[in-house]
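So that you can tell them apart, the chains are marked A, B, C and D in the order they are listed, and the count of residues begins at 1 in each.
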Amino acid sequence: MIRVGIVGGAGYTGAELLRLLSTHPHVRLCTVTSRSAAGCPVSDLFPSLRGKVDLHFCGAESQLATCDLVFFATPNGVAMQSVPGLLPAGVRVIDLAADFRLRDPRLWHQWYHSEHSCPDLLQEAVYGLAEMNREEINDARLVANPGCYPTATQLGLLPLIRQGLVSGTIVIDAKSGVSGAGRGASVSTSLGEASESLKAYGAEGHRHLPEIRQGVARMPLATAEPFTGELVFVPHLAPMIRGIHATLYCQVKDHQIDLQTVYESTYSGEPFVDVMPAGSYPETRSVRGCNQCRIAVHRPGGGDTVVILCVIDNLVKGAAGQAIQNMNIMFGIDEITGLDCPALVP
Amino acid sequence: MIRVGIVGGAGYTGAELLRLLSTHPHVRLCTVTSRSAAGCPVSDLFPSLRGKVDLHFCGAESQLATCDLVFFATPNGVAMQSVPGLLPAGVRVIDLAADFRLRDPRLWHQWYHSEHSCPDLLQEAVYGLAEMNREEINDARLVANPGCYPTATQLGLLPLIRQGLVSGTIVIDAKSGVSGAGRGASVSTSLGEASESLKAYGAEGHRHLPEIRQGVARMPLATAEPFTGELVFVPHLAPMIRGIHATLYCQVKDHQIDLQTVYESTYSGEPFVDVMPAGSYPETRSVRGCNQCRIAVHRPGGGDTVVILCVIDNLVKGAAGQAIQNMNIMFGIDEITGLDCPALVP
Amino acid sequence: MIRVGIVGGAGYTGAELLRLLSTHPHVRLCTVTSRSAAGCPVSDLFPSLRGKVDLHFCGAESQLATCDLVFFATPNGVAMQSVPGLLPAGVRVIDLAADFRLRDPRLWHQWYHSEHSCPDLLQEAVYGLAEMNREEINDARLVANPGCYPTATQLGLLPLIRQGLVSGTIVIDAKSGVSGAGRGASVSTSLGEASESLKAYGAEGHRHLPEIRQGVARMPLATAEPFTGELVFVPHLAPMIRGIHATLYCQVKDHQIDLQTVYESTYSGEPFVDVMPAGSYPETRSVRGCNQCRIAVHRPGGGDTVVILCVIDNLVKGAAGQAIQNMNIMFGIDEITGLDCPALVP
Amino acid sequence: MIRVGIVGGAGYTGAELLRLLSTHPHVRLCTVTSRSAAGCPVSDLFPSLRGKVDLHFCGAESQLATCDLVFFATPNGVAMQSVPGLLPAGVRVIDLAADFRLRDPRLWHQWYHSEHSCPDLLQEAVYGLAEMNREEINDARLVANPGCYPTATQLGLLPLIRQGLVSGTIVIDAKSGVSGAGRGASVSTSLGEASESLKAYGAEGHRHLPEIRQGVARMPLATAEPFTGELVFVPHLAPMIRGIHATLYCQVKDHQIDLQTVYESTYSGEPFVDVMPAGSYPETRSVRGCNQCRIAVHRPGGGDTVVILCVIDNLVKGAAGQAIQNMNIMFGIDEITGLDCPALVP
């Protein structure tokens, strides 16, 4: 059994870790911390876990050092305070926040407006997108779990970038459910404001953009033609709880290539990426509550522009599920363990 | 492995059976029939099952006779045509429709406007509410799976009726998500009509009322005081996909009795009924996608009127999940097998 | 032109007053105050009012004394601080909060946990339910605008109570959209928490209960038989923005009486109460954005229990629209002025 | 008073015409036809219109010839059967379907798979986008009311195209509420299927694409540089009733130009186009139920790519409201008559 701790268990990614880990056969949940909910039974805050999780939220982090693995489901900037103390104690860490995603500490400073407190760990941290970095995750002490938009976007682009097929500007038009904004109280995500409406935000610069840029730049290439174009990223808030739909537009150099085959061969063998048949339109609900990513490839009118449709559940493949997938890899367990349930439809 | 067939797999209860059975460790899914979807891969109609269910919908029912158990997830009146042929072949049956719920064939005629085609089986059929009839389900050849409203209502009333505590009229004000109306195309359940609105329906007589009446009349009594009052049942359509919230109002004879204890003792040991602490308000989402029923007991102002709040997922404990719970009992498997996941929250 | 001021314009009832008054032909909007939004253009906070309302939120209340009428759309307990200063200056007041609804200052203390600061005004204040008190509203200096649940409930009960037809306990099962909780940031009304779910709350005692009790006790009687029974009130939070559906259950003494006629005759001539044909089921969306109340009367199975279905838009007939209706009456304008648009459906 | 008839009043655009016309001061509604609802009172099908519209749906079209103006709110291909008979009788026509939108009858054949029955009228028909064609609408006998996506898209692109600023491919990523699919019964738009989900559709070729292409090609130019690039159009179904959000991506030639000023000057004086301040993000709900179009202009990172955000209510500015705007122009009435209410928010 893997002894697991969760830091910041009272938010949505924490709750989702609890939901998924509560039935994971190889995990023993040892401690769940929360400053805001310290002392409260987990199942009082989350009645859906009554009878499933029998812990209280803990204010102190003292028990973390006794864990084999600690998940940080904290706001940005918290994990980097604690991680340098945990690693030497032999505790492995998966951070679901952004602290270790950007390898360049100057980018952290630029986008998160603070000094990074342990820049040396940025080089060690492995970016936890198994479909790109499975080998490195296997041995990692510290995994930076990808952001939700970057997960959907990179899985959608990887096959094209790897083959050096894209030129020009890539447009990333992404739509997310409101759980992506976290569980905090806010007027803008209240049902009265966010329901029955849709809007863009962050077009001038969203923090996931440098993460996507870095990811695209580091994708392994099967050719000598790296992508050198621009990325334009506009996220939208959609009136639903869960789900990300990334619609990716790019110009493809090769008119003859069979893109369906490119995608299918890239992801054959991947347990959590489903390349749908040509002509398909993935729905976000088809991955609701599960760790799957579904992708469809379109080339409207047979023209230069390729449209990639990519859906994930932002809280699962875009957060807690992907973190558990990484845990499974790190501890040598079958990668799909605890992540095998189908989506909840309808 | 239990060899299982599903008749009518293209509706919501069929889809929910497929979702839940796809990860059941003791089930081998042999055949799924559907007239409307015959020949179509199950995962084309339900892309959320891609990689999970590798069958085509079958137009013919010929393979049913080779199954150990057949679920009927068909419209009312269909199962009673096929069941008399299956039972003699040694096939056990769980019917998720209403065909075998009412023991009196005259009631069937009155509420469903047709002659019952096998009234003799009505006496043999066991009403599949495990919390009342676990013993009989164990040996049953034919189980009538309860309706969604009757499940929530009976679980809410059982402790009070059993103790002979209720007098007068019981008011059942129930609210259901639209999946209760099934997967058929209809204007009234379209998002444009049913979203952002709430309405009552069926106040003049809903088909679940005679089922509830029969259930209350047959509840095992711990006293000599059967309930003899009236039932008033008003269902409402709420703008959500899943969930039933039954709010039950009744007059309690005994002012001194500790109702919280009555409920907790009635359901101690029940794996799927959760009596919440005094003062709680169960949310339908706390059971979304899972087989749990959550109940809270209130006595406003300490008066005569008791208010019971009872939530289930209409497609799980109110349909497919309860059917699988019954299957587990019938085949001597641990009752919670395949039904152990927590609710999907948020 | 009526010179109008609004105190507390940044919440939902304030925003709804602004929406409705912006096209009212007899109103000149002079000042809108808000502490939280002071200095901000109204149309920055509410972009839907761009080009419609050309005011800034004002931090000070100094201009109120120059108004003919001031609406208080403030939290409970605020209006009673300012109203005693405004009335002597000749300013008439409509309070949309609870400050002047309960005539007995001890009830205020009991339910709102503070001393009432101007108990003498409680006797002068007119309860602004036009269908009961039109004459008094006409001359009122101070109108207490009814709560949303009490509006729906009292309009549903008035015809029966007036005729002395009800005995025993009245059950009020009410369902409200989340805008009833106001525009403040809160976890419980966020889309992630409140969407796709339904729950009861406040069964042990909601502040609208004493208001309903007082309203029922003060209803004008056409007979010598006042209602002396109990009221049980359980509100529910439904996953929608607007709308209240009150389902009222009561025992009627007279089996012969034609209730449909009782309702139709009570409300003939009322511009904002629509008694629907027998057998109807009003939907909350049928009053979305408009000041209408729609009512349907059912007697299931011809039994003793009568079920009244009553819908309003909580922000219109349940708040801002009713306030404007009261203003129209107070200033001798046609009662429907500015309130004549049909509901927004779909 | 304008004597008005509506053909096809039982769908969503018909219902929206009824809602808006019921309070239009210059309109007398003479006849509303519907095959499916013939004989039924309008207010039985649409209870929100009780007391507002006192007509029955009429099966015959005989009264149309006595109208000054007839709106066709029918499925594609219906209006072209009747219009040739009405025009000679002096009846003016606004068609809300696609019959007269494409000037080239071969395009009709290609996209709608039938022969156009009156191709001669295609040249006479005026495309009813007032912001482009106000003069021609003024005198038109026959107006082709634009589609919902084309309205949002063309209003978003007009200022750029007019100034010859765009090169390369324009990406149109559009999101629509489900009312855009009409009021018919369908599984895919049921709440159980379409709620809590988002998906693309029609990427291979949506019927609104040739309409947008034609519109862009016919835009009046202030320069000698017509747009010659490609258009890529991907519509998405969003889980809401109303609203279109078009996100438009294009490459702008001129790096120095102040796009905010270009947009503001193009639309100064337009009553129904609101160019929001720089940095704004329009929400679809800010135009819910009203005829406004709101636009915001972004240039992420000051790069080549410009992002235009454009929202309308698909049933109002995208259908019935724009049709009434056209009617007002045709009959010399103030253009905003009957269209002056603010959006319903929240």
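General remarks:
Just so we're on the same page, a contact is a pair of C-beta atoms (placed from the backbone, for glycine too) under 8 Å apart; a residue touches a chain by one contact, two chains touch by 3 or more.
All values reported here derive from a predicted model rather than from experimental measurement.
The fewest steps needed to get from subunit B to subunit C, moving only between touching chains, is 1. At the far end from subunit A, in terms of centres built from Cα atoms, lies C.
Contact tally for A-D versus A-B: the pair with more C-beta pairs in contact is A-D. Subunit C has its Cα centroid 46 Å from the Cα centroid of subunit A.
Each chain gets a centre from the mean of its Cα atoms; for subunit A and subunit B, those two points are 37 Å apart. Rounded to whole angstrom, the centroid-to-centroid distance between subunit A and subunit D, based on C-alpha atoms, equals 39 Å.
The set of subunit A residues that touch two or more partner chains comprises 12, 179, 183, 192-193, 195-196, 239-242, 282-283, 285-286, 288, 346.
Per the touch definition, subunit D reaches subunit C in the complex via residues 12, 15, 19, 22-23, 46-52, 179, 183, 195-196, 241-242, 274, 276, 280, 282-283, 285-290, 294, 315, 340-346. Of all residues in subunit C, those touching subunit A in their complex are 12, 178-179, 183-187, 189-196, 239-241. Per the touch definition, subunit B reaches subunit C in the complex via residues 169, 171, 173, 175, 177, 192-193, 195-201, 203-205, 230, 232-234, 236, 238-243, 245, 247, 249, 251, 279, 281-286, 288, 298, 300-301, 303-305, 307, 309, 311, 346.
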